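Working notes, structure below.
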Amino acid sequence: MNMTFNDLLPLMPILLVTATAVLAMVVIGIRRSYAMTASITITGLLLAAVMAAILMPGTNRQVTPLLIIDQYSLFFTVIICAAAMFIAIFSFPYLSNLDDDKEEYFLLLGIATIGAVVMVSSTHFISTVLGLETLSMSLYGMVAYPLHSKNSATHPLEASVKYLVLSAAASGFMLFGMALVYAQTGTLAFSSLLSAGAGISEGYSIAALLLISAGIAFKLSLAPFHMWTPDVYEGSPLPATTYLATIGKAAMFVVLLRFVEISGALNFTSVVVVFSLIAVLSILAGNLLALLQNNLKRILAYSSIAHMGYLLIAVIASFFAEGTISIEAVTFYLLAYVIMSLGAFGVASVVSTSKSEFDDIADYQGLFWRAPWLAAIFTCMLLSLAGIPLTVGFIAKFYVFMAGVESGLWVLLAALVIGSGIGLYYYLRIVYCMLTPATDKTPLPFSGVESLSSHSVLAILFVLLLVLGVYPAPVMAIIETISAFI
Amino acid sequence: MILVVLIGVLFVGGVIAWISERINPDYPRLIALVAVLLDLLLMVILLSGSAGSEAQWLASIDAQWMPRFGISFYLAADGLSGLLLLLTAFLGVIAVGSAWDEIKDRPGFFYFNLLWTLAGVLGVFTALDLFLFFFFWEVMLIPMYFIIAIWGHENKNYAAMKFFLFTQVSGMLMLISILVLAYFHYIQFGTFSFNYHDLLAVSTGGELEMWVMLGFFIAFTTKLPSIPFHSWLPDAHSQAPTAGSVILAGVLLKTGAYGLIRFAVPLFPEASLAFAPVAMTLAAISILYCAKVAFAQSDIKRLIAYTSVSHMGFVTLGIYAWNEQALQGAVMTMLAHGLSAAALFMLAGSLQHRIHTRNMQDMGGFWPKVPHMATVALFFSIAALGMPGLGNFIGEFLALLGAFQSNITLTVISAFGLIFASVYSLWVIQKIFHGEFASTNFDDSQLTDLSRREMVYFGAMMLGLVWMGMYPQTFLDMSAAALGGLLAGSQELVTSVVQN
Amino acid sequence: MESIPIEHGLILAGILFTLGLIGVLTRRNIVFVLMSLEIMLNASGLAFIVASARWGHAEGQVMFLMILTLAAAEVAVGLGLIIQVYRRYQTVDINVLSEMKG
Amino acid sequence: MMLLFYLAAAIAVISTAAVIVQTNIVHALIYLILSLLAVAVIFYVLGAPFAALLEAIVYAGAIMVLFLFVIMMLNLGQHTRDEERSWMTMQVWIAPSIMAAILLAQLVNVLSQYDQELTPVRVGVLEVSALLFGPYVLAVELASILLLAGLVSAYHLAKK
Amino acid sequence: MLDLIWLLPTFSLLGFLSLVLTAGTLPKRIAAIIGAGSVGLSFAVAVIIAIQFLGSGEEYFVKEVWTWMSVGSLNAGFSFYLDGLSLTMMLVITGIGFLIHLYATGYMDDDPGFSRFFAYMNLFVAAMLMLVLGDNLILLYLGWEGVGLCSYLLIGFWYTNPENGYAARKAFVVTRVGDTSMAIGLFLLFAQLGTLNIQDLMYAAETQWAVGSGLAVAVSLLILGGAVGKSAQLPLQTWLPDAMAGPTPISALIHAATMVTAGVYLVARTHILFELAPTVQLLVAWIGLITLLMAGFTALTQSDIKRILAYSTMSQIGYMFLALGVGAWSASVFHLMTHAFFKALLFLASGTVILSLHHEQNIFKMGGVRKQLPVSFWSFLIGSLALTAFPFTSGYFSKDEILLAALELDGPGLWLWMGGVLGAFFTGLYTFRLFFVVFFGDNKGHEPTQEVGGWNMSWPLFVLMVGALLAGFIGLPLDAVFGGHGEEEHDVSALIHGIMIAAPLLGIGIAYLFYYSKTFSVDKLMASPLAKSLHKFWFSGWGMDALYNWLFVYPFLWLARINKDDLVDKLYAFVVVLSRAAHAMIVKTQTGYLRWYALSVATGLVLILTLGVLL
């Protein structure tokens, strides 16, 4: 399974992203230019996304034991690269007034994207760990990025330390679990745990699985491993939060999906029970925590906890249901989640800069009348997160419901209903806040540079949100095809 | 195709109305009026064109939407839908009228929401794909939420939130039920389908059927509303601007009843039969309990809201009696209540517009000041208490008459609602218009009689009610075929169950 | 060579892992926390080596190498953060980092 | 050999335990290095000389020196030691100890179910590098990217 | 011409519409012409129709104007049914109605709500005609509710006084209790017999139900419920005295001559059902008897002129019920007709008195107005004589027949007769108490200068006087309706006749002694505490109002008050509180301390491991 020349083509997206990062580094080395670095990164990510999209239809290749470049991974490569590009575009105006070296941020963003793409292409522990750690390592830097700035709007240092310590501990769990799995199966590739080796009990496999699951659950901020999420989201600069919330989650979830499917983890009843418990806890805890929260980033953090819980339902369903509906559900939901989170954080990014962030709900008071365009997008994104029709979030939730119904997971569905009900409350709180007339104390809608490109990104996301919400059939067809690869 | 046009006109009209505000703040209302009038016209053409035909479906369109799940864009209207479409368009015109002077603030967005709500309702009344139905079911909520949350009164946030939460959460239960049905179709026929006709053929059976039915039932009775899911309504109604209340009471509540007739019962005939006593009990409790609570209110809009719950109880009662008279009664009650409740909310709204209070304790003796308004109010109060000769009577009488054949005890209990209705209806008239005029608690300088334009709207509604009351056959004939079809579909099964 | 029960190797890793975890949970000094994290990672590495020995593979050793890399990178970033914490708060007490909550 | 394994294991456990209870940070670091060296011995016993070497050089050597640098840089002297003492109260230990005890019990429970004897086979640097620069060449590349990420992050964070 | 029967209600309805749509903008004179004229036209048409119908010799005539509602097996048309009974009612309604309208044009002359008044009145006539002409029970119900509505509107006509409003609502709600019972009866009939057409129903009931069958009993009880509500019989009689809050012509038309007798009409109309349920029929008799006695006692104690007349109306309707109960259908309707004349006369006469005395209604503040108000005096005298069944007045004939019919009944007949006779005695007593107090003796309050009103007020009185005297000689064409039960020669002894004639005369005599000659003193009689409390008891209408207040009104108000905020809503409020509490609790876990978070992660791990391994 050594590399051959033919492997290079499927690797093109990864190579392109890598080249982008390297080029950015070189350019920084030669002459620091903020605009230059940013445009290199954006262009590179765009090329990678396009490349992945071009490759997608016919590609299905195992590139060394580490990477599997199939339609599924390419689909997510497209999503990740595009999302990373969007975040880069949001970041540019956001960071433009930072009183520090700004170029490395884009370098980190590029490297993080490499990690994420590796993760979605991985069915092997080594690539998983490397991808994950590359992503995390860059994120530590991105989260803490403005820490030298005297008047940073956030708490980057605190966020980064919390993230690093806890994340490293979680990595430890995951690695230990992987070691146990390796001890059982004798291979580092994902493989079935069902045929336990001689002298190995079921409990051993379960413990190994759960150790890995705990690590993954931490990264996905599933309860009870969720507590870092709001603090890190709040403390990070908005574009980094966005990255963490979208790409970080999506890539990790693909790993979880692949791992669970290949290892047959759900054949163990106790794993199903534990997963269900985690799902229910996440849904309830996430939504309840967000209920009366006033900090927008924390709300979105808590809501992401709940959303990961919803997604986990679909994962659990994949064991019970025949066909690929639950895989499709996960896939579509992730796509939807990335779109709506990007949109929601994007709006916040657009009105914020590194020196002053719009992170209190009250900051958005009257936005509907002062910046109707932004408010409309924000509202739609929030409604989408709440799963209201006409938006992609509804179709996504529909998928999850479908998966749940097919598998007869009534308790989980009940949690989903209750959770969504609570969720509505806090999403609507934000919407309502935008509707009420502004007071004198409300800051102006734009604290920084108004960037045309950021607005166009928002427009793209908005269109995607609506188109996928109203006519998702083509995407559904694609997802149905690619889900067969899991 | 005409159905798509009907809905499309409103969607597009809404967007244009919104945009046109930039040109001139008076344009939105004109555009909205044109859009709803156009819809009304189209509907009249549609309905009159098919008056003689025996075909069950007056118009339909079926296009693939999400083939992965067998979801199609399937709209169709039969007589039942037709009636409700007509009601919707008619009240749409009325709602635009009632907002004409009231909404000065951001009119573009207001009419956008109004038209979109109406479009959603039209969709609900015509969708025959259950996914599409659910889609529209939810679509109509959001603009309504905005209407309440932006143009509502003092406690609008609470009311709008409550409205949204109730309908959404119950809607999710319905979604689960719909999915279970689709899944059962998959199990039994090998494909997913959300098509109404396909799902009618699905037999869920057993205990599960009851649970699935309950999903629908809860969603629909929340919207209807019926005890114990009614408590969003008084808040929503009292806080909404007049046009919002008109649409809410006149049209939105009817979607729940429509859902029960079209979906909840036909899809689950056995479970519905078993559940009928419970549903009818809830209806009876709604009728009496809410009539009593209505009487205790001092906020006039809250009072009317509770009476709505009470009246919609007759609808539930009629639907679960499931025979021709009862169903026709339910449908007639829906139509008549649509007009009478809408008119009462408009009256309350115009009062509030004039004296800036809804508290009846502050009112009294308005008759000489506003004789026209008083007469109109008297008319609609009397309609609400079920005076023969007006539409509400036909509906409630037929509903009770039909219900009596299926459950005597509950019908008798419900009939007491007629007494309670007279208590609160007359109390309102007494409190507001009778007695000595006293204006100590409000500024009476604005207390003027109804304008000519308002009189036209009220006149139209009065005519409608009299028409329904004196010659209901127009409406009964329209829905007869549709209801007959629904009845026939479940009759066989029900009789076999009864015999066993 | 004599044979070693594999579970003993794994249990040793487990013990070290747990000790590392205790360190993370108890110490307030960030440097200690970081050291404890290293212990945990090292324990995982040990487990891989043990498993690798069980199968007579080199794969586990490759994984160990990767863990080593990862530990090095993590320490670098972590220590960088510690320096910043110390610079800002003049202490290495981890509890000073609790401005965000709720 | 077996004796060596258990001896090294005992040293590793004891010195690791010493790390987490130490109040003097430099002592703790020394214990940690001891522990890592003991683990290196175990690696060797298990037939992984290359890993043992790396453990000793990179882990016990390079990484720990990094720690030492930082400790010196921050000048964590006597006063931090007193501070450490004051932080080491009983109650701080209760919950973690209980948790750790349960966790350990769980781990020992499941791990002891792995009922296999192993006869260490020497898997030397040759095999490892054959693997590294064969099928796992991408891992090496990725590891370099990982280090790059760490480098850039650390560079950005640690600068003045 | 018979086909034009639909014109009857139409005229009034048009009158109503034109008055309402012009909304009081018409000059008074035109409003009066429309208001009274439309009823006059109706009367004219009614007379022509009556002549034609009687001339044709047909038993009945049906005219369907349009299909009202046709749902499944239910088929109700807007169709009119004419036979002897409805013919009688139709003539009474339009005839007396016209007279009262005419009178009202004078009586209401200075009222600002003049045109509103006539609008309501016209609507009432239209509804009442629907009631009596309706071919099916739904149409009848339409009229039934319609008259109730008009009654409500007219009682509360002077709306500025909240008490009038209260009386109006009380009237409506109390009668609605009866209406509801009747509606349920309709449902039961339809459920059992599959039609609501009256004639078909009667036929079907007769052929399908055995005498005394449970269904017949239930149905007739339910219908009786409606009848007692509308006709102010026990136990739903309490609204009628309060209904006197309306203008006096209303009291004459609605609460004396026509609407309150609708119950009698209903029972007569559905008499076959009652014949199928003898127990219920007997109950009707007893209800009539008890009501007539109770009302008689109460009338004796009242001081308000209109209330006295109201109680007397109750009492007279009691007689009609008695007649219905003993199967004397024709006698009942006959009494209904005569009663319409003399009671309308009495009310209208009292109206002139009241108006002349500037709206004074307390008889003890009147007195001696005989000279100043001659027309009223004579009207009152004739009316009173007819009311007390003075020989050869109209009341004499009708009451006579009722009592004789009661006597003929086996079993309780004698008791019913004795009760009836006792009632007749009381009638004489309270009627002439009123008469003597008002028209004789000294004036104790207002001194009227002259009788108010022009020809439009006095002419109706003259016509009614003639009617009250002579209506007893009219023979009603009811035989076909009641299957020959109508005119029968009663073969009873002279003693019986003597007693029946003597009883009211005795009453008159006693009234004379107490209130005219003052031979006996009422004050002396009233001295004892027992008498006082009895008086109080009777004065309050046997405490029925208080009883109902305690039984129904207060509990309802109490329930309404304590549950104003809707208990169910509290349930949801609790959910909100719960979620907030849960939020408050769980948000405490977000302490911001890294070590705590780490502990939570570790705990989570331990938790899932334990769960996973143990399960």
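Here the chain labels run A, B, C, D and E in written order, and each chain numbers its own residues starting at 1.
The working rule: a contact is a pair of C-beta atoms (placed from the backbone, for glycine too) under 8 Å apart; a residue touches a chain by one contact, two chains touch by 3 or more.
Small disclaimer: the values here were computed from a predicted structure and weren't measured.
Counting only chains that touch, the fewest steps needed to get from chain B to chain D is 2. Common neighbours of chain A and chain B under the contact rule above are E. By number of C-beta pairs in contact, the leading pair of chains is C-D.
Of all chains, the one whose mean C-alpha position sits at the greatest distance from that of chain A is E. Centrality by Cα centroid goes to chain B. With centres computed as the average of Cα coordinates, no chain lies farther from chain B than D.
Chain B and chain E have CA centres that are 37 Å apart. In this assembly, the C-alpha centroid of chain D lies 101 Å from the C-alpha centroid of chain E. Chain D has its Cα centroid 31 Å from the Cα centroid of chain A. Here the CA centre of chain C is 95 Å from the CA centre of chain E.
Within chain A, the positions touching two or more other chains are listed as 126, 130, 133, 137, 140-141, 144, 147, 160-162, 165, 169, 180, 183, 203, 206-207, 230-231, 293. Residues of chain C in contact with two or more other chains: 6, 10, 14, 17, 20-21, 24-26, 28, 34, 45, 50, 52, 54, 57, 59-60, 62, 66, 70, 73-74, 77, 81, 84, 94, 97-102. Taken residue by residue, chain D touches two or more other chains at 95-96, 99-100, 103, 106-107, 109-111, 113-116, 136, 139, 143, 146, 149-150, 153-155, 157, whereas all remaining positions touch fewer. Every pair of chains in contact is given here: A-B, A-C, A-D, A-E, B-E, C-D, C-E, D-E. Partner chain E is touched in their complex by these residues of chain D: 95-96, 99-100, 102-103, 106, 109-110.
Interface residues of chain A, counted against chain B in their complex, comprise 328, 369, 383, 386, 388-390, 394, 398, 401-402, 404-406, 413, 416-418, 420-421, 424-425, 428-429, 431-432, 435-436, 471-473, 476-477, 480. Per the touch definition, chain C reaches chain A in the complex via residues 6, 10, 13-14, 17, 20-21, 24, 30, 33-34, 37, 40-41, 43-45, 47-48, 50-52, 54-55, 57, 59-60, 62-63, 66-67, 70, 73-74, 77-78, 81, 84-85, 88, 94, 97-102. Put simply, chain A touches chain D in their complex at residues 1-3, 18, 21, 25, 63-67, 101, 104, 107-108, 111-112, 114-115, 118, 126-127, 130-131, 133-134, 137-138, 140-141, 144-145, 147-148, 160, 180, 183-184, 197-201, 203-204, 206-207. The touching residues of chain E, counted against chain D in their complex, run 599, 602-603, 605-606, 609-610, 613.
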